[in-house]
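One structure coming up, written as structure tokens, with questions to follow.
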Amino acid sequence: MRDRLSAYQMKRRAGNRAGSRTMRIVLALTVFVILLPVIVTMIWTVTGRWPWPSMLPQSYTMRTLQELFSGSSPLYEILWGSVIIATVVAILGTLIALMTARATEIYRIRGRRLVSWAAMLPLIVPGTVFAMGIQVILIRMGLGDTVTGVILVHLVAALPYCVFIMTDITAAVGNSLEEQAQLLGAGPGRAFFDVSVPQLMPGILSSASMAYIISYSQYFTTLLAGGGKVKTLALVMVPYIQSGDRALSSVYAVTFVGSALLVFFIFEALIHRIMRTES
Amino acid sequence: MKRNRIVPLLLITPFALITALVLAAIINIIVQSLGYMPVFGLYDFTLKYYIEELSRPEVLQSLGVSLHVALFSSVLAAILGTLICAALVRTGRTRGAMLYAVRLPILVPHTVVAVFTVALLAQTGLLARLAFALGLAGDYTEFPMLLYGKGYWGVILAYLWKEAPFIAYFSLALMANVSETLGEAAENLGASPLKSFFHITLPLSLPAIARGFIIVFIFAFGGYELPMLLGATMPKAFPVYTYIEFIKPDFKLRPYAMAMNGITLILSLLMALLYAVLMNRLMKRIGGAYEG
Amino acid sequence: MKAHTENVKKGDIKLQINGLSVELNGTVILDELSLQLHEYEFLSLLGPSGCGKSTLLKTIGGILPVSSGEIRLDGELINSKPAYRRGAVIVFQDMRLFPNMNVAENVAYPLRVQGVKKADRLVRAEKYLEHVKLGGLGARRISQLSGGQQQRVALARALAAEPKLLLLDEPFSSLDENLREDMRQLVKDLHREFGMTTIMVTHDRQEALSMADRVAIMFDGRIAQTGTPEELIESPADERVSGYFGSAKQ
């Protein structure tokens, strides 16, 4: 009996091992497929000549990097503009989402289902449709081709994610500690900042980093709201892709991903630090 | 205590204003697509723009292309995403370096995905070179035309690269939770890992996967950048075609573009409605214990 | 057992509640409730779960709004006074310690809000910690403390606020039995030392009878009877009260 049981268990264990080996292979393949184009694109940035059908470039050059910093509107200006717009969107999006979450989760206002559907709306309506619909309205509001208009449409794109994140964390944190702080003599604002904000911080940071990345990535909405006058990194790289200049479009792609990742990891590092000191 | 009525109203106001902006855009599309543009002397509400658009073969072809892209992208992304998610849960890699790699495509915008796709899948891309080196293709013209072709397979693969990890990440929290609690319980009761996955973990993770699927479907249907950069000249993807109609200088043609937007809008809302109905039924069946 | 009752200095009326009603989402939780408390008094508020004990504490504390009736603290009508100006501190059973602050910072928080300088308030926090027998643990993180220690930090923090009224909401119910006995003794000692007017909510009959000068028993949002423990047991006001203590004796 004991032998049979252990034989059965051994079979189970072997099966488990085989199963998790398959899963490890799946993961390895996934990571390979994700990283391969990134690496190839990085090679392209310094490629001079890479004729068919060789597997590696035949000459390397710094041409693309020079062009990057000397073009008609230099890269750093565009980069700076994109960063500012994305930062404003990150701050406003998170702030609005935090306010919304407090209204629904702490004050339990009526129509919470309506709010959660309204928050989903920009995910249901494709960005292209929204952009073509809002363009005339922005122009009528005097916001056509302005940075403000671009920020507004980016905000629409980012807000669903901000609201989901902030609603979840606000519901989880609740207001019992804030109540306690008020009972101990802290005014409502003070109680919120002393007690709730530190608890909400991981959510605030992930909401901000999400909104930042979404704004940074917008192409079509920027094109329509900014009318081509508001230039962001996502916008200026498209003509290079269309022209088929692989080296130059690769440089833009790498700059883009590099700068987005930098911001992303700064936020991640902050979240980790907070989570560590909390526990 | 009296302030309790005013404070929440103030808190919800910015959100309400942004929502109003979205609704204004939707209403604008509906009104203009029905032919009401007083600025240009168009006062009649009519369905003629919708009817005319839907009777043009190019429009129908274009709709077909976008549905094809959306369907293949979202179904394949859901399957692959679920597999990746299960692999992350099964191997316990729900945090750390592996997860960052999986999250990378979510951070990469579509314009950059286009650059990546060209480097890999173009007829002179790395894959074609590899095929040549292995003797599978004699010349680059023999390599299948994944990009700029009528099949839009390059666009679909590009979406897949970005959206399969999205669905994996989107479903991860729920699946990890379900697997940790109920999946392990099922295995304790003697179910094999495979059975416990298909009988317990997968059905209970479905709300998150389905939500991700809908988001990807609508995204791939309404997306502009990838089909514009990687798609065929004819037929064009629906949003690309819509935009071309939209930027025609004659404003009297605007209702045609808006009718096309109206069609996308109706399709997206239908998908969302379908999702809501299906989710409602699903939640009732599994008792809503694990809401996504 | 009744040793400390002799020490009670019957002072002026501290808390006066008249015809207090509280509705939450359309349900009446407190129904024209009246209650009076003298200075230095220790009142146990007893009743079955769901009778409105916790609601009463939260309403006195100012985190739930009054529907009708009046609450007076030191003679002053405080119905619409915000919680942070009332000086009625609640110690909840879930303790509600701030995880982003260490033990000393938690205890010093009421002083920080009052604008006491950092060095001063940390010295005073240490004193309060000594009173609850946690001297020297100020630098610990909350998560490093046991449940009983956490409850004592919550008590020390409430004392540091120097409240006019101390409201204890089933403070021992999350602790195991032997810890509970220690905590009861500690609360008694602290009451004697600081002389703070106190209401303690409990559903433990023995606890209520053994700790308090006076016991109030509550059913369905109203006070059914108040009196000394002896009065409640020997001359119950109605069948519910006698029934409640009757089942306790068995």
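So that you can tell them apart, the chains are marked A, B and C in the order they are listed, and the count of residues begins at 1 in each.
The working rule: contacts are C-beta pairs under 8 Å (C-beta built on N, C-alpha and C of every residue); 3 or more make two chains touch, one makes a residue touch a chain.
Quantities reported herein were computed from a predicted structural model and do not represent experimental measurements.
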Exercise for review: Select the chain whose centre, defined as the mean of its C-alpha atoms, is least distant from the mean of all protein C-alpha atoms.
Suggested key: A
Revision key, fill the gap. Comparing A-B with A-C, the one with more C-beta contacts is A-B
Study note, to complete from the structure: In terms of mean CA position, the chain most removed from chain B is C
Study note, to complete from the structure: When centres are defined as mean Cα positions, the distance from chain B to chain C in whole Å is 55
Point to revise | Distance between chain centroids, defined by C-alpha means - chain A, chain B (Å) | key: 16
Revision key, fill the gap. Separation of the C-alpha centres, chain A versus chain C, in whole Å, is 48
Practice item. Any chance you could list the residues of chain B touching two or more other chains? Key: 4
Check your understanding: What residues in chain C touch two or more of the other chains?
Key -> 82
Exercise for review: Please list all residues of chain A that touch 2 or more other chains.
Suggested key: none
Review point. Can you list the chain A residues touching chain B in their complex?
Key: 12, 15-16, 19-20, 23-24, 26-27, 30-31, 33-38, 40-41, 44, 52-55, 95-97, 99-100, 102-104, 107, 109, 115, 118-130, 132-134, 136-137, 152, 155-156, 159, 163, 213, 216-220, 234, 237-238, 241-242, 246, 249-250, 252-253, 256-257, 260-261, 264
**Study point:** Sites on chain A touched by chain C in the complex
**Key:** 176-177, 179-188, 190-191, 194-195, 198-199, 278-279
**Study point:** chain A partner contacts - residues on chain C that touch it in the complex
**Key:** 61-63, 82-90, 92, 94, 96, 98-100, 109-110, 113-114, 143, 157-158, 161
Exercise for review: Write out the stretch or stretches of chain B touching chain A in their complex.
Suggested key: 4, 7-9, 11-12, 14-15, 18-19, 21-26, 28-29, 83-84, 86-88, 90-91, 93, 98, 101-102, 104-105, 107-112, 114-120, 124, 126, 128-130, 132-133, 140, 161, 165, 192-194, 215, 218-219, 221-225, 229, 239, 242-243, 246, 257-258, 261, 264-265, 268-269, 271-272
